Each structure stands twice: as C-alpha cells, then as structure tokens.
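Next up: some structures, all given as structure tokens.
Next come two complexes, and both contain chain A; in the first it sits with chain B, in the second with chain C.
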Partner chain A sequence: MTISAAPDVVLDHLSKADGSASYSYAGYAVTATVNGPIEAQRRDEQPFEAIVDVIVRPAAGVGGTRERHLESILCSTLRHLILLKNFPRQLFQIALQITSVPENDYVNSKLMQASSSQNLSVLPTLFQTAILALVSAAVPMKTTASATTIAIPKDYGSPLLNPTPRQVQTSSSIHVFAFTRQGDLLLSQSDGSFSQDEWDVAHDIAKDVCMEKKREEVDVMLDDDESQTQNMADLIRAEAQMKTDSDLHWK
Partner chain B sequence: MEKGTVELQVWHQKFLRYLACEGSPPAPGRISSRDPLHDKSSSHSPSSGASQSWFAIGIALIFSSFLKSPDKLNSETQIPLPAVNMPREAEISTNEKQFLKTALTENVRIDGRLFEQYRPLSLGFGEEFGVAEVELGKTRILAKVSAEVTVPYADRPFDGIFQIVTELSPMVSPAFEVNRPTETEVLLSRLLEKTVRRSGALDTESLCLMAGKKCWAVRVDVHVLSHDGNLVDAACVAVVAALRHFRKPDTSVEGEMVTVYTAAEREPTPLSWLHSPYCVTWSFYGEEGEMALLDASWKEEQVQVASFTVSLNRHGEVCQIAKLGGVAVDAVLLLKCTAGATVEVKRISEMVDQKLEEDAKRRDKGGLMAELRAENERES
Partner chain C sequence: MAEEGLFVLPGDLIDPSFIPSHPKKPLRLGPGLRHIPPNSILPTVSGQVYTDNRKNSIWVEYNGGRYVPSTNDQVIGQIQRSAGEHYYVNIAPYASNAVLPHLAFEGVTKKTRPQLNPGALVYARVALAHKHMDVELECVSPSTGKADGLGPLVDGMVFNVSLGLARRLSMSKKENSKVIVLDLLGDAGLVFEVVVGRNGRVWIGGGSVADTVLVGRALTQTDEEDHGPEAQKNVVRRLLSERK
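Now for the complex of A and B:
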C-alpha cells in the first residue's frame, strides 16, 4: 500500500456542520465535524464554562473502551485550548470519524482487536483533525497545537517518526506528543518500556516537528532541501491562513 | 405494632426525600406520589380507606427497603426525568414550505432541477479495499466493509454472516445522539437490509469455510457524514460499491484446518457477488400526491406528502418496494415511477461499474493482477 508523503487536508467540506475537516497522513484518515457553541443539555451544562463533548467513531465495528479512552484523552487536551470561559452553559461537540487505518499486510487483523499501541498511533491524526475542524468552525482558541507519534525500535535504532503498523509492532515503545505552536508540551502518552533518555530523545524530535520554525530556520531548511519531515505547526498555520483568506475574500 | 409501622414509614419518607435533595436532578414524580401530604389534600377519599391504603403502602415500603440494597435505592431515586432532548434540528419555516410548494405547482424545483433529475452522483474508493465514499449533492456517505472468521449461526450452518450496520452519529447533526436510534436511522437500515441482504446480492453460502464450525462474517459499516436528503439511494450505492470493491483474505481448508493467508502471502479474493441492486426514491407533493420528484433534497423531504423507494437491478428486476405511510398515491403514477427508476438504475449501475474498473486499473500497476488472482472467470 502506498502512503502519501504529504498530509492531505480538506476544510469545510460538509455542509450541515459549523465546521468540518478531513485530514489524512501516514495512512491514517479522519473526518471531523464541530458544532458549537450550541445549547448544552440541562443535565450536563456547567454554569461558568462550556463543556467539550468528543465523540470518536471507529471505521469498522462499534466503539468500545478504546474509543472512550481516546475521547477522554482528547477531551482533556482540547479543554486547555478552547476559550471555555467565554461560553458558559454551552457545548462544543466534536465528532471524529476514523475513515482509514493503515493495514499491516503481514497480520490478519481481527475486527475488534485493540492493542494499546494501535490506540495511540491514531491519536495524533484525531487530534490534528479536531484542531483543523475547530479552526474551520472558527471556535475561539488560545493557540493551535499539533501532535505526532514516535516509535523507539527494539534494536536501539534511531527513533522513527510516524511509524507504520509494522514498525509499531517491532518497536519497544511508542510515544505520542502534542505541542502548542509556541512549543509548550500539551500531551504526552507513552506505551511500552523505555528509559528516561529515550523519552527525552523522542520528546525533542516531536517538539521539533510540532513547534513553529523561526523564519530564518525555514530558509535554511529550504536551502538544503532535505527536510522530508513535514512541520505540523506550519501545516495548520497554512490551512488557517488559507481559510481566513477565502472567508475574507469579499473585503 | 401499627404505630411502629407508621413510624418506619415516616422515616422512609424522610429518607427518600433526603435522597431526592441529594440527587441531582431530583425525581419529583416518584417522590410526590408517596408523599402523605399530597394524598391528604385529595378530599374525596374516605379517611378509613386512606389509612388502610397507607398501611398497605407502609408494609410494601418496609419490604422494599429490606429487599433493596441502599445503593440500589439511591440509584433509583436519582434517575433523572425523561432526558431533555438534544438541540432539535432547525425546522423549515412555514414561509419556506409555502414557497417550495407553490414553486412546485409552477413546475420549478428550488435547486433548478427537473422533476426527474438526480443530483450529481460521485463515487470514490479509498487506498484500502472495501471503502467507498459517495457524494450525492451535499449528502455524503462512507461505507466500509470488513470481514473476520467466526462461528456460523446454529440454525444456518452452511451460511456465512452478512450484516449491514447504519448508525447516524452526531456528525450528521447534533440532534442525533449516540446509542439512541432515530426513525431515519431505523428506516435506512431496514431498507438497505431489504435491498441488499434479502435480495441475495451476496452469496452467503460462499462465505462458509467449514459447515457449522467456521465461516466469514462480512460487515458493512455505513457512516453518514452529511445529510442533505435521499440518504437511502446514496447509502445503497455506497454499500454495493464497497462490497464489490472489497477483497477478503484468501483461505485454504485441509481436513479440519482452515488457513487464512495474509495479504503478503496470497492476493485477497473478491466476494461472490450475484447482482447489484440500487434504490431509487421518489417523493410526492400536492393534495393527492400527484407530483412526483426524484431524489428529494433535505428541504424537499420536509414538505413531501409521501415517499416511495423501489430497489431494482440493471435488468429491471424489482427487489423491494417501500411506501411507508403518507397519502395514497395513484397506482398508475407508481408504475410510471418504477419505469423511471429502471432508467435511473441503469445509469447508476453503469457509473459504478465504470468506477470499479478504473480503480482496478489503477491498482493493477504491473499488469500482474490476472496472474495473482485465485478465482476463476465468472459470467455475470
């Protein structure tokens, strides 16, 4: 199976929702819609801030513990970004539909198979799509953020960015990090056995991918033309810029 | 003895009221029916009868308090009132309805289509096998097929399992709640079931690996991403296309051993597909449903007086007809609609065949597919 090198983003493609985004990268594809701020149910509403409702739906089969776990991680992370205090008694509903997951040609997967490493590797795509959908819905946020996966191979090789399912299978630990555009750590989830040094290395690589580059650094990188890794912060910034440009086209 | 009972009963009342205050939100309906003050206020009940009934209730309460564990009691009193519904879908206004109806009497549809005109239908496939995305105007549907080996049903040992699952998520509209099927969803899954499963489009016997012991369970998940009317037709195209696109892992049986080969070992094989049924939905307007519109949009669906879904394959064989409620429609008009549907189904069928062929060509890069294929040629 060929995996497209560059991330693919489509914004505002679903008509009914307030905001929507499709994002695919490294074999994972997720479609998200955001509705909000909308009226919260009486039993859920918070008097001083908005609530965030994240719904994750698998591509095949019914959602279970795995999806609830991902929902709780995403919900607690996104709560830090959205300006909730501005919308008391309201609700932001983020529905995430996983549409494609890379297949491992060497293993026959069971439908309801849920190993924890598989859980984590879809998390960055979910997170990124949620951020893009929130941008598309023009939900006020403190900052944008992005996430990535790092796998540390069993044979002490160099850490792998955006590992394939086969690489995940043969790695000793995988780590998911999310950073804000300014480089503040927002989310860190790890699975497997690893040392403090390995975590530090993974952290630094992820930070490099997720944090916005300074202008002069970008120029240098363009010169040597060997930067295969996509900078996630730049991607989201470019998308946000394109969206504002098209929204304000009439001016 | 009786005094003791009354005391216990009063204590029980207090306990219940205490729980009601603790629990949020309280359950006033439950508590007030047991409230003695409430009963005393009803003047027409004779006092002796009232005391007798109180005695009975007291006994019942004592028994119930012994039978129930405290936390169960607690959870029962904490049950909230019938859940407040999620924000409802914005309804179409009366003016808009009137405008739409008047326009139809002047032979104009709000999006400028002819009465018998479909919205543009497009079909795309994903990187992996068995994923189809259909776009019909602004309606978007994604279908994904998956298969796994399981034990067949005891009463059907020679058949595999074939399931179509539709669930409308809050993605479609915040009005849909998770795990609470709405009428739209139930009708959609029933119609797909009748069209694809019961018409025998997929040969379930071919899914059997070992009679009564092992079979394939094929599952189609239909994800509605955006709802702008005519979900049934779009979902049907998505399901049929995804099933025809799907490849299940190749297997071999030796004695009692079933081997399932991974995609790296052997090229996966397509499902045994017998015919492709497609749905066509007509909506009726006017006092007696004398105007028939093909492929109504969401707004048009809100003002329709009846709707009629017919499923056919490209040979014109009718698989199912559903006209669920609405006004009675002239039989001759229904026949005309069915004839119109035959033409439409041929067009859809050609489109799906062509897209499948294009996708197969795209995947067949080195021209090796013919050699890798395990199954024999089949006349369709």
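Now for the complex of A and C:
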C-alpha cells in the first residue's frame, strides 16, 4: 500500500462548535472540534493563563491509557502555540475523534489494538487536525505548525515518510516530529532503537515536509517536478485561505 | 505597498511598507494582531489584513470563532440571574457571565430600576472588557445619560448568526452593499425591527410573529448558505410566496 492520495481536508463543517475540521491522510482520518475561550470549571481554572483540554477518542471503544498519553503529548505541544496569557481563567477544549485507521494486511488485529509504535503514528494526523480546527475557530495563536511520521527500516533502507502499519512493524524505529511553519522544532517523539545519525536524517526529512518553503524555492521545486511529497505547511495555508475567501465574500 | 485584503496566517510577517504610518497619531492595532516589542507586528488569526491610513489603524478581518468581548461593542445578552446590585448576563454560550449594574439604565433610581427576570433580553454596550476582570455591560451612555437605543428587548425573537454577518449588519449601508436581505424584506412591505448584537445574535420584533420568523429565516439562511445578493433575492422571493 503506497500513499498516493492527497490529504483530504474539510474545515468548519460542524455548526454547533466554534471551529471544526476533518482531516484524512495516510489511512488515518480524524475529526476535531474546538471550543473556546469558554468558562473553565472553578477547580481547574488558572489565574494567569488559559487551560487547554485535549480529548482523544479512538475509532472504536472507549479511550484508555493510550489516549491519555496522546492527549498529554498534544496538550503540551499545543500550549506552545495558543496565546494562553490573553485568556486567563478560560478554557480551550479540543476534542479529537479518530474515525478511521489504516488496516494492516499482515496482522488480523482488532480495531485500535495497536502496539505503542502504531500509537505514535496516529499522532501527526491528530496534531494536524487540531491545528486546522484551531485555525477554523480563530483561536489566537503564535503561529501554525504541522507534524509527520518517519520510519527507519530494519534493513538500513531509506527512511519512509508516512509509513503504513506494515512498514512501521518492520522498521527499527519510528519518529514523530512537529515543526512550526518557521521551522522550529515543537515535538519529537521516537520509538525503537536508532542512532543519532538516523535521528538527524529523520529530523531533516520531517523539517523539509513541515516547514513552509520560501516563494522562490517553491517555483524551483515545481520546475524540477519533484514536489511529490505534500508540504504540510502549504496545505494549512491553502485550506485556511480558501475558508477566509468564502467567509469574507460579503466584503 | 501591498494590496488590501492580503491573506495572513498566524505568525506571518507583515511587510513593513504595508503598515500605515502617520506623523502624529499613534498606530492602532485592531483585532487579530499583536505587537511584540520593539517593532514586530504579527497576526494571531488567519484572515485578511486591512489598513486605514486616515485613522492610522491596521486590523485583520476574519469570520468565525467565538465572540470575545471588547469595549464599546453592542451586544444582545440574556439575563441569567440578579444578585445584589447586578444582573448576571450571558453574552456567549458557555462563556463567563457579564455583569450589568441595576443602575446602568436610562433615568433609573434604586426605586425605579427595571425588573428583569431570568431569560429577559437586553441590548447593552460593553463598558469594560479586561482579560483579568468580569465583563461589564451598560444600557446607558455614561456621558449623556441617554439610552441611545440600548435597554431591555421585549417580545420578538433572537436568531443566531455568524460573527462576520453580525459585523456586516452593524455597518453602514455604504460599506455593506452585499447583505441586502433586510432591505429587500423591508421593500416588500414587511414591518419589523432589527437589533444586531456583535456577539452574533440578531433580535427581530415589532411586527407579527409570522413576519418575525420569516425575517429570521431569511437571515439565518443567508448566513448558513453564504448567499450573495442574487441568492438573497431568491430566498426572499421564495419566503414571501410562502407567506401568502
């Protein structure tokens, strides 16, 4: 299974939430809603900044430790992006529902009974959906960011971008990176055994995918016809621009 | 000088030549922008940047999200309860209540203050919006002591619209040529009053209940389906034909 389909994005499709997004890529699909700034419960509220509440729901069944782990990673990453100091005593609620996960043809596994490495590989999709929903909810942020997964195969082959479950299983390590549009590292989670050099290679590939290209570089890339991989930052920009254009058509 | 309505994402660099400069007036930053000393101005939301050289101001236009109160906005609130010398007023769902002092109405004394029950609607101005404090509302102009149209809203109905449409509706006709649905309904001979709150609530009343509902439906349809002027005409025509 190779991932040839372009990412699929729908913004602001749920009318009752302040912002929402659906995003599917590499076999994973996630729907997110964002509400905020809303009133935090008295016992939770922080006097000087807003709190971020991330809820991850699996494709089937109720969430467990695995989802709590993903929530804590996402929460600590998103806290760096949202301007929390502008909303003391408030709450931003981000709910993420996984709607589909890629099937592993080699293992007859139940839905969402994944190993810890597969647990990591859903993280970029969750993160990307959360960012799109935050943009749709017009939550004030410092910048936008994107995430991706890299797998290093056991046979020392070239690193794989957005690996399939089978590729994850047969790889020696997988890495999840999130970068801001400006190219600052936000999140780095790795699983398996790897050397510093392998990590560096994975880091550089992920940075290339997540960081926004300068205008001139994009033109050069188009000329070379090498833009096979989807740049995540460009995707967010294109979707947000489309939404803004349709929102402001009364202008 | 860059074009008006330039699209930005949070954290984009705004070309310094685009930021207006005025020899005397200070630069005014509108919604969606933040200033990081000494001299960078960054957008915090995705939208289009507009400037006004005369007022020396720059801001980001966007639609969507939740209403965040800012001073001098006129909003429609719903009374939650009365305690002590204040009413607690809801201006956005699940947000903290705003406070409206009992004496912040035109020409009231402690004896003659309006008795508002939970659920009553008020049209009020945001008197104080500070992130560390409760939002304060008032239904009277502090300088003139006049209500200027603010106060309790009786009868009628409230419809929820997007923040962008509420902003369009509260603009003058000259600036807002593409939302014509209310003008069309008025020209068709319907009698109604409209009060637009910046918090995405529109109160319609003053006429028969059927007409109120009709106007509300025309407005919410225009909002939900993003109708342009032509489509608004069609909506109005269809609703009016059903009215007979």
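One rule holds for everything that comes next: the second predicted complex is superposed on the first by the 243 of 251 C-alpha atoms of A that agree within 3 Å, B and C clash if a C-alpha of one lies under 4 Å from a C-alpha of the other, contacts with A are read in each partner's own complex, and residues count from 1 in each chain.
By definition in this document, contacts are C-beta pairs under 8 Å (C-beta built on N, C-alpha and C of every residue); 3 or more make two chains touch, one makes a residue touch a chain.
As the structure is a prediction and not an experimental result, all values here were calculated from the model.
Legend: residue contacts after superposition of the two complexes on their common chain; A:43 is shown touching chain B, with no touch to chain C. Shared-chain residue A:14: touches chain B; no touch with chain C.
Looking at the shared chain after the overlay, A:97 reaches chain B, while chain C stays out of its contact range.
Of the two partner chains, chain C is the only one touched by A:249; chain B is not.
Once the two complexes are laid over each other on the shared chain, residue contacts for A:181 go to chain C alone; chain B is not touched.
By the touch criterion stated above, A:54 is placed in contact with neither chain B nor chain C. Shared-chain residue A:232: touches no atom of chain B or chain C. In the superposition on chain A, A:35 makes contact with both chain B and chain C.
Touching of chain A by both chain B and chain C, each in its own complex, is seen for residues 15, 35, 38-39. Taken in their complex, chain A has these residues touching chain B: 1-3, 13-17, 27, 29, 31, 33, 35, 38-39, 41-43, 53, 55, 57, 59-62, 93, 95, 97, 99-100, 103, 105-108, 110-111. If you check the complex, the residues on chain A that touch chain C are 12, 15, 18-19, 35-39, 83, 86-90, 135-144, 180-182, 236-237, 240-241, 243-251. Every residue of chain B that touches chain A in the complex is listed here, in rising order: 25, 80, 83-84, 86-87, 126-128, 131, 138, 140, 142, 144-146, 148, 165, 167, 169-174, 178, 219, 221, 223, 225-228, 249, 260, 262-264. Across the interface of their complex, chain A is touched by residues 5, 7, 9-11, 32, 34, 42, 44-48, 61-66, 68, 94-96, 131-132, 164-165, 168, 176, 178-179, 224, 226, 228 of chain C.
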